[in-house]
Every structure is written in C-alpha cells, then in structure tokens.
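Presented below are the structures under discussion, each in the form of structure tokens.
Two complexes come next, and they have one chain in common, chain A, joined by chain B in the first and chain C in the second.
== the complex of A and B ==
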C-alpha cells in the first residue's frame, strides 16, 4: 500500500501512473460498462467457438474420450456426397428466400406506408407471424399442407385444380419451406423498410414531383436509392439466416422426404446428434462459418460501392 | 422410444457437448462436499441423485416411489431431479460428467446404449447382477435385456418397455361388414381388410404408417421383416441381410397398400392419432403410449397382436436406467434403489399408477395384476405381446446411420419412387459400407 502510494507520488511529478491515468480517464467507466457483456459473450460465444474448432480436429462421439485426427474431418467432408447435396439444397433455398422476402417486404412496406383506414391492423397482421413460435408455425403449415385433410388442397379442389403432396413430395418440399419461411420472416423486413421509408424527407419527394417525375420514376430514382442502407442490412441479415436454416426443417420435414430438405445445418445436426460424429459436425459448422463470412464480406463490399448514404 | 416434440438450441448444445467431450477425464470420485445438491455419503448415510424427464402422472409417481423408498431405507436418500425433456438427457448427462458431478442414475433412451457404453464413467452391472440371484435378470423380457447389453456389458436396468400391437376401430369394421382382427390374422387377412376399409372419397384409410424416414419408419419395417422370417444383419453382424426375399415381401406389402391409397402416410408429427380418433383410419400399428388419448377420444377400439406371415413377431423399444460412478458408497446405494424400484411388486405399483407396461414377466403372476389390466383396457394385449418381441435391433454405435439408410429406402417405396428390391439393395449396399468403415 505504502509502496504504491509512494510510487504514485513520485509518478505525479514525472508522468501519471497507469492506474491513475485509468482512474482519471473515461476509459475505466467504459470498460466497466462493457465488461459484463464481454464476459457473457466470451463464455457463451467465444469459448464455444474455440472449443468447436478443437472439436473439428478430433474424432469425438461426444461421449467417450476424444482423439486428435488433424484435418481428417475436413478431408472427409470434401468427398461427402451427402454434404454436397446439403449445400445444393441450402443454395437453392437461399437464392429463392432472399430475393422473395426482400422484394416482398419492400412491396408490402410501400403499400403500408400511407394513411389509410385500419393501417395499424394491416401492420399488425404482417408482424404477427414473426412473433409466432417456429413450432406453432410448423404445425400450422403441416396441417395447411396436409395432402388429405389440408386447407390448401381443399381450395385447389374447389378451383378444380389437381391435388398436391406438398411437404410429402420430394420435388415440392423445399419450395414449401421457402413459402413458409418467407411468410414467417417477412414481418421483420417490413418493419425495417417501413422505418426507412418514413425517414425519407418529404421535401425530396415533393421536389421530384415538381420536377415532373411520375410515381414510378420517383420510386426508382429517389426512394429506392435512399432505402439502400436498409436493403443492404436486410439482404445481409436474410442471407445469414437462410444459410443457417434449421428450426423450420426440424419441426416440419426433418430433412425429408428422401433427403430433399436436408440443408447444411440439418445435416450438421444429424451428424453430431444422431450419428454421434461430434468432430465431423463441428467441421461442418466451421465450413459453414467461413462460407457465411465470405458471402457477408462480399455483400458488404458490393454495398460499399453501390449503396448511397445520404448523410 | 417415447417421442417428445423438441426444439434444440443447437448452438448451445454443441457448445455444451464440445466442452463435455474434450474434458471427460474428470474426477470419478465426485464432490461429496456438496452433498445437498449432488449427493454424497457421510457417516453411513448416502445421498444419491436420480435424473428423469417424466411429466404428469409419471412425474408424480416417481417422486411418490422415491419418498416411499427413502422412508423404508433410512440410510439412503434418493433425490429425484427433473432434467427436462428426455430427448436432451444425453447431452445434459455428458455435460455433468465433464463437470465432475454426474447423477448417480439417469433415465436414458435405449437407442443410445451402444454409444453410452463407450463412456468410462458408466457403471457396468454384470458383477452386481451375477452376485445377486434374487435380482433374477432373466425375469426381464429378452428385448429389454438385449437393449441393456452392449458387447456382453450390461450398462443399464430396464426403465420402460413397449411394443407394437394392432389397434383397430370397431365401428369402421362393422360399417365395412368385416370381422374384427384376431391374433391368428395373416398378412393377406390384414391387406384385404385394409383395402376394404379404404375409401378415398370419404378420406378413409385402412392403415397408417409413419413416413418421415426416421427410426419411427424403420422399426415398423423391422417388425414386418421379422414376421416374414428375415433378419436385419447377417449372423456375424458384418453384412446387411434385410434385402432378402423376406425384406422384399415386407416392402412389397407397403408398396401395394400405398399405391392403392390404403395407407395414411404420417409426416412424423403423429397426426395419425387424431385422424384415427376422428374415424378416418381403420387400423394402427402402435404402442401403449397412444392408449390414453384413444380412450379419451371415446374411440370404440380393440387391440390384438400384429398380423403374421411366418410368425407374429413385434418390436420393442426399451429405455434404461443407467448408473454413473460417483464412488463405491453411492454406487452401492444406487444399485439398492434400482433393485427396489424394478422389483416385481414395486413395478406393478408403478404400472398401475402410470399405465406403463410391466418390465418383468413375473409381474403378470402377482395378485394385483388383474387390477392393472382392468384399469387400462387393452393393455393386457401389449403386456403379453412382449413375448413376441424376440428379436432386437443390432446394438451398434453406427445403428443410427443404418436406420437412416433403411428409412430412405422404405420412404422411397411408400412414395412410389422405387421398387422394393431396388430400394432395399441400394440401402444394403450403403449399410455394408457403414459396417465396413473403421471406428
């Protein structure tokens, strides 16, 4: 104690001690505020991320003591046809899900961005699927799309159209999953777009009207560019979500029928928790992580070139 | 094989298992200092922990039985702890082992047994069972003993047993002018009835089959395969044998009935039960777990053994109580408790409280057995049907992979995407590859 105070006393003359500098500066308060969050993130995110990297280099059934196998899991992945078809399903899903949900959300947000009677009801209606639990959504769609007792086939029957097998048809199941997830996630994108639309200054819209621009031209040249940052966020966010699709598959098709909806994360789950190949599952997780990182960086790079930031 | 709907927090689970897997060399002595929560042994008194995932009646029953045991065994206290959904039990137990404080006893699915057996913390029970003739291991049904035994090591005591029997809707049989099924029914009796009970216009099906390509699809197929005289693997366990004539015969029955829309194809969400209770399905292959809902729906039902071809075999999916090593005193206490819990008299008490099937053959000879069968009409058929569960699934760590390959084959036949022989041969080829792979 005395040594410390002596040290600080001598330090005052020359240069404030580290402790003193810390106490005086704003940094201490800053660190105090972020420490709890940093600890939580470390325990629940960073440490598991490190562990699973280790896990991916092991032969580990998650039960018996593991042993180190180097890159064997990654080498096996490169030759695994089931993994390749899981990637294929994930890509098809992502390529459909992202444009449909972003485009759909934009259209709905524009439609909802006006003063009409009952607008709150419509906005609520769009948002409700998002707060509905995935399990409930899954069960609703299983019944709606049931080939025998489902409402959708009943409507098709009334219209004189042929009956479909939907989730039980290997050629249709993935598209049904696209429809289901677009329905349940659309509300989030719509909220973001609505907020962005309401942030567009009225004077810009008026100016373009006075310049003689039609509604379509205004939308294309004024509204759309100003929605750029929102669009970039939604595209990045939806892409990450799409590449990590799991819950909806788990509660409806469980990767079937005939593996037609086995996406990458579902395959990971199968390997790690059904086949007891923990190391292999972790390797899949790492491949997916790197893929998502690359896709996201690419999107942000394109975004930097193309997106207009008004400020 | 009790299936519960679940929603895994995948990332969290993987993280937990990652930690568990990498440091599972944890101490085997346990931490007896924290005796209150995790169990311990001080001054001749031993406290042990039992983990279970029971809900409703079973949950109150296990607590009542543990309290009864604690009263009659003053030197032991059994703490019953609910660990949530049974589906997560394995991950939680593994995390607890890694943390050095596993439960002394845990309820674990039978299908995990071959993998659990690879963990050094699991107590092997052969010696304890051999030293105690009064335990009478052979009183448990063969299907139960098979699932508790991995390469000769007994790693668990049966906790639950079930099997598939034929449940039928009496009203639909009367409407179709059909005689109700008998225990002597053959496959052709069954197919004829299934077709006569089918009426697409009325959305009525003769039969239902779980078609999600999971083990739920596969184990029903094994029952058919065994009935036709087939077997899953060759006697040496090194090759697939389900692509035999018997297998093709079983798959062909599925193909024929599915092509004629006589089967309600369940997508794995167990909708078949409400469809059956609404009078749209004539017959089900199902177990006692569906009984309470069928009774509640006031369906006029009957239960009999499965129709036979070469024989009337069924399949059973037992679960186990698995013991983990926390030192000699606690292992001894856990063994004392399990012996008591699975003794015929206590098991009959449990069965009467919960409607679960008795896990020992001799329970049927006890005086109170009549009350049990009276309380749950139809249960006696499932109980006696355990004698028809003579074969079991192979006890292999790679069984889940085998199941997946066969599940795809059965599903492709049911969907009319492949011919029985072609589908089974392809699956057999995959299974041979799985069996040949090292590790």
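== the complex of A and C ==
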C-alpha cells in the first residue's frame, strides 16, 4: 500500500518534465543522429540482403510477377556446368592473383623502403596505376596485348619469341587478366606494406645486426613476423576482391573467348541482366556470399593462430 | 597523441636508412637498388606512357606493326574528335555530380551516425551497430538485383539520382569515423556539455574540426570509388545523357573500337582529373590507403 502510493507520488512528480526530459535526453539525440544513415542503409543494404534471399527462391524475370520455386534455383546451380566452369575460372584466377600480388607487393615495398635518389619517383610509378580506372586499364591492356599490333607481341618479336594471341586465346586470356589486375592493384598492397615497414622499430633491426644476423636472417625472423597483421589484411582483402572480379572482364573479354574468362560474377551478370533470370542470379550471389564468408573466416582463423600482434 | 591511428600511418614514409656505403663496396657509382627499381618503374609506367603516345598518333600509326614508338607529328585533333564522338562533357558533369554528392552525403550522414555510435547511449544502439557491421560483409553483388528493383520502384532508373541514392551513406564510413571519434579526448566534449552546448553543436564545433584526417580519408576513398565505379552505372544507366565517365568511356570503346587513337585520347581525358588530383594530393592518397589498411 505504502509502496504503491510512493510509486504514484514519484510518477506524479516526474510527469510535467517528461516531455522536456525526453527532448533533451540522449535517447532522442541518438536516434535523430542515426536515423538518416539507418534509413539509407536499411533501404539500400539490409532490405536488399533479405530480398535477395527471397529472390533466390523465386522464378523472377525482373518484370512479370514472380512465383515461389523453393530451392529449385540452387538445385539447378548444382547441376549447371557453366556455373561449375565459372567457379573453376574464379578459383584459378584467385589462386594466381593473391600470391602474385601479395608476394610482389612485399618485395617491391622492401625495395622502395630506402633512402636513395629518385625514390619518390619510383614510388609514384608504383602508386599511379591505382588511380587509373578499370575501364581505362582494360582499354590500355587490350591495345598492349593485341595479337597483331600490340606492344607486347612487338617485344616478343624483338626477342625472337613466337607471337601470342593473349586475350583472344582461350588458354591465355585468364592469365592475361591476372597480369593486368596485378598491375592495377599492386600499388594498394605496396602502400600498406610500406606503412607497416615504417612501423618496425629501428632498434630491433639494429639489435639483430649487432647479434650478427645477416640481412636475410633479420628479414626472415624479425621483419616478416612483424608484417604479419598487414599480410593478413592484404590477403583477406585481395581474396575478397579476386572472388568478386567483374569490371576487368567486362571491359576486356566479356567472358570470352569461348567462355574461358567467365568468372562467377560475370556469370551472375549474364544471368540476371542479359537473360533476365533474376532468381537464378540471386542464387548465384548467395552462393558467392557464403563462399566468401567461409574463405574469409578460414583465413582469419589461420591468421589468428599464426600472426603475431605486437600490441 | 589523440590522433593515434593517423600518426601510425606515416605521412611520406621517411625511409629507413640504406645499409650504408660499405654495402656498395664502390663497384657501382649508384645504389644497386636502382637496377631493380628502374625496370619496375618502367613496367608500371609503360602502359600509361603508351596510352598518351597512341592518343597522339594517326589511326594507321596506332595499329601498325611494328608499333610507331615516336610519332613524327602529334595529332592533338584526336582529342577534339573523341570529345565530339560521344558527349564527353556530359559524362564529366555526371561523374562530378555522382562523386561530389556521394562524398557530401557520406561526410554528413556518416559523421552524424558515427558520433551517436561513439558517444551517445541510446536504446538499440548495439543492435543497430551490429546490423551495420553485418552489411559490411555482404558483397555488392548480393544486393545488386534487389537494389536495382528498389531504385526502379522509386522511379530513379536511368538518372543521376539513381546513381547517387544507394551510395549516400556507407557502413564502412560510419565504422571508420566511429573508431576515430573514440580516440578523441572526451574531456573537451564533457566541458562543452556542462556549458550547455547541444550534441549537434559539439559534433560540428569540437569533434569534426579535430577529425579532419579521418574526414579527408573518407572523402578521398569515396571520391575515388565513385569516380571509378563501373558496375552500378552499368546496371542503372541506359542513356548516354546520364552516363558517368567510366560507363561513357566503355560506350566509346564499344562504338569506336577500331579507332585506337581516338579511343586512347578519350581514355587520357577520362584519367586526367584523377591523376591530377593524385599528383596534387599524393600524400593524402597514400595516407588514406595506409589508414584503411592499418585500421
């Protein structure tokens, strides 16, 4: 009885200021601040993520009303030979692109990490492809790799080597795409490695030299472990990007010749926006998403066991 | 001290000292590293130098074998021909609108949300933040088709507005700014609160002025991303009048794929703004990339 009356008395005392308190409270401010962002991200990310899952369970040509087909799209994917070869091309590309670009970037960053004349020019040369757009890169490499008048064939000619078909040869096109994307992505990895190299305390290196360790030993047992976090980030980031390869294919080979460069996302694009199989495209997207998630988690898990964090 | 994340990404990579003259042993008049770095620089630059050379040749020279390495006369008229072959001026304006609008949107909406996530306690904050982080992990291809359908519903297919709308606010930007805001000293903000400054006032007068490095990073990354974006414009834009530069360049490629001199002139023009910005703000570019990598 007395407790109830006490409660009602405090409620009465607080009531006049409730609205004012709400207006001045952090509740309102917090929500007011996040609302624009929440609406935008809900409409253009969260809802599409759910919708995409729904789409993947539908037969949907993006125009006529869709109808539910259950797991039929996924079952069809499992048996689709074109999808299987798209996965194969994506895997070959990723397995080549990631080690080449990460290893190359590490070597280049080490070479660029010194005080010699012209170092700013060398760095600029390595960074500048990074700001060259994919479309421009594609056009330039189409010319460089042209079988009849391209510069690369001219160099082979000067060296007395046989002429190649490059992007027009089904056995070479994917490797040419690897070379092209390594050229355009290298700068990104080099910048991160350079920043990490600068973060290594100099007294550590000096101590190692004092102990009589050679340059190679110092690099292997001190520099390389300290670059672990940067390497993990670059490997994860490059793998995600490699599995999502699309722009470079669109502007150079359009999946050809003979489908030899049709990677997963290019196949998705064909299905969804050329053949208007929206549901099938969504199913491809979800399979890709799950694959990326698994690969990323796997890399992070291996990284957690093997990467040394100094702080 | 408070701007630790940026301080961790050095401005211009003050280089570690070379191993010293004893290593050279006087055999070469220059550091042996030049023997590695010069060919590397050549490989990286040749494609771009070639782009410029071909853009100044005649149509025959551009496709002759052996290639014409040094054209006898320079054909600057390729540039006006390329400019007139497709509405290049339009492409530039569309790209500029797309890039600037998405940069402005991200700076505003991400700062507001990031500040709330960093400093204000409100109901549902943690759930919202986790949802936000979850969207970071989903590749764009997954949301591509529904996003197209949503933009179609709003009636913005084939318009610059349709390009901009889905990219006005990124979860990445919110996350990055939140991490940065949390490194700022809270005492200044608390003092301002006691003086009766509103949350909005604190954000704009205290937090944002202290966050210029992070804001510049977000602006540069978003600008570079929008300027070079290709897949979304390819899906959403049908007409030349609304195409941004990269899509327009790809259309020029489709229509004039045999006129390499003209195509290269168009490519040079499309890359000049970005390369200029890069040369002028190289320090900031490098910082921004290093910043994303270290966080």
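In this text, the second predicted complex is superposed on the first by the 272 of 311 C-alpha atoms of A that agree within 3 Å, B and C clash if a C-alpha of one lies under 4 Å from a C-alpha of the other, contacts with A are read in each partner's own complex, and residues count from 1 in each chain.
We take it that contacts are C-beta pairs under 8 Å (C-beta built on N, C-alpha and C of every residue); 3 or more make two chains touch, one makes a residue touch a chain.
Remember, predicted model here, so these are calculated numbers, not experimental data.
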Chain B and chain C placed together on chain A: clash or fit? clash
Return first, second, both or neither, reflecting whether A:274 touches chain B, chain C, both chains, or no partner chain. first
Task = Could you tell me if A:167 is touching chain B, chain C, both of them or neither one (first, second, both, neither)?
result = first
Applying the document's definition of touch, where does A:253 land relative to chain B and chain C: first, second, both, or neither? first
Contacts of A:114 with chain B and chain C, given as first, second, both or neither: second
Of chain B and chain C, the partner touching more residues of chain A is C
On the A-aligned overlay, A:102 touches which partner chain: chain B = first, chain C = second, or both, or neither?
neither
Taking the superposition on A as described, I'd like to know which of chain B and chain C A:59 touches: first, second, both or neither.
first
- Query: Thinking of the overlay built on chain A, is A:135 touched by chain B (first), by chain C (second), by both, or by neither?
  - Reply: both
Quiz prompt | Which superposed partner A:48 touches (first chain B, second chain C, both, neither) | solution = both
Notebook entry, point to check: What is the contact status of A:285 with respect to chain B (first) and chain C (second): first, second, both, or neither?
Noted result: both
Interface residues of chain A shared by chain B and chain C, listed 44, 47-48, 51-52, 55, 62, 134-135, 139, 143, 146, 148-149, 246-247, 250-251, 265, 268, 272-273, 278, 281-282, 285
Contacts from chain B onto chain A in the complex sit at residues 5, 7-8, 10-15, 17-22, 24-25, 90-91, 94, 115-116, 118-120, 203, 211-214, 264-265, 267-269, 271, 275, 397-398, 400-401, 404, 408, 411-412, 415, 417, 439
Residue positions on chain A within touch of chain C in the complex are 26-27, 29-31, 33-34, 36-38, 40-41, 43-49, 51-52, 55, 62, 108, 111-119, 121-137, 139-141, 143-144, 146, 148-151, 153-154, 157, 183, 186, 188, 191-192, 194-199, 202, 205, 215, 230, 233-234, 237, 240, 244, 246-247, 250-251, 265, 268, 272-273, 278, 281-282, 285-286, 288-289, 292-293, 296
Contacts from chain A onto chain B in the complex sit at residues 44, 47-48, 51-52, 54-55, 58-66, 134-135, 139, 142-143, 146-149, 167-170, 246-247, 250-259, 265, 268-270, 272-276, 278, 281-282, 285
Note: in the complex, chain C contacts chain A through residues 8-10, 13-19, 30-31, 33-34, 36-38, 40-41, 43-48, 50-51, 54, 62-67, 108-110, 112-113, 115-117, 120-123, 125, 128, 131-132, 135, 137-150, 165-166, 168-169, 171, 174, 199, 203, 224, 227-228, 230-231, 234-235, 245-247, 249-250, 253, 260, 263-264, 267, 270-271, 274-275, 277-279, 282, 285-286, 289-290, 293-294
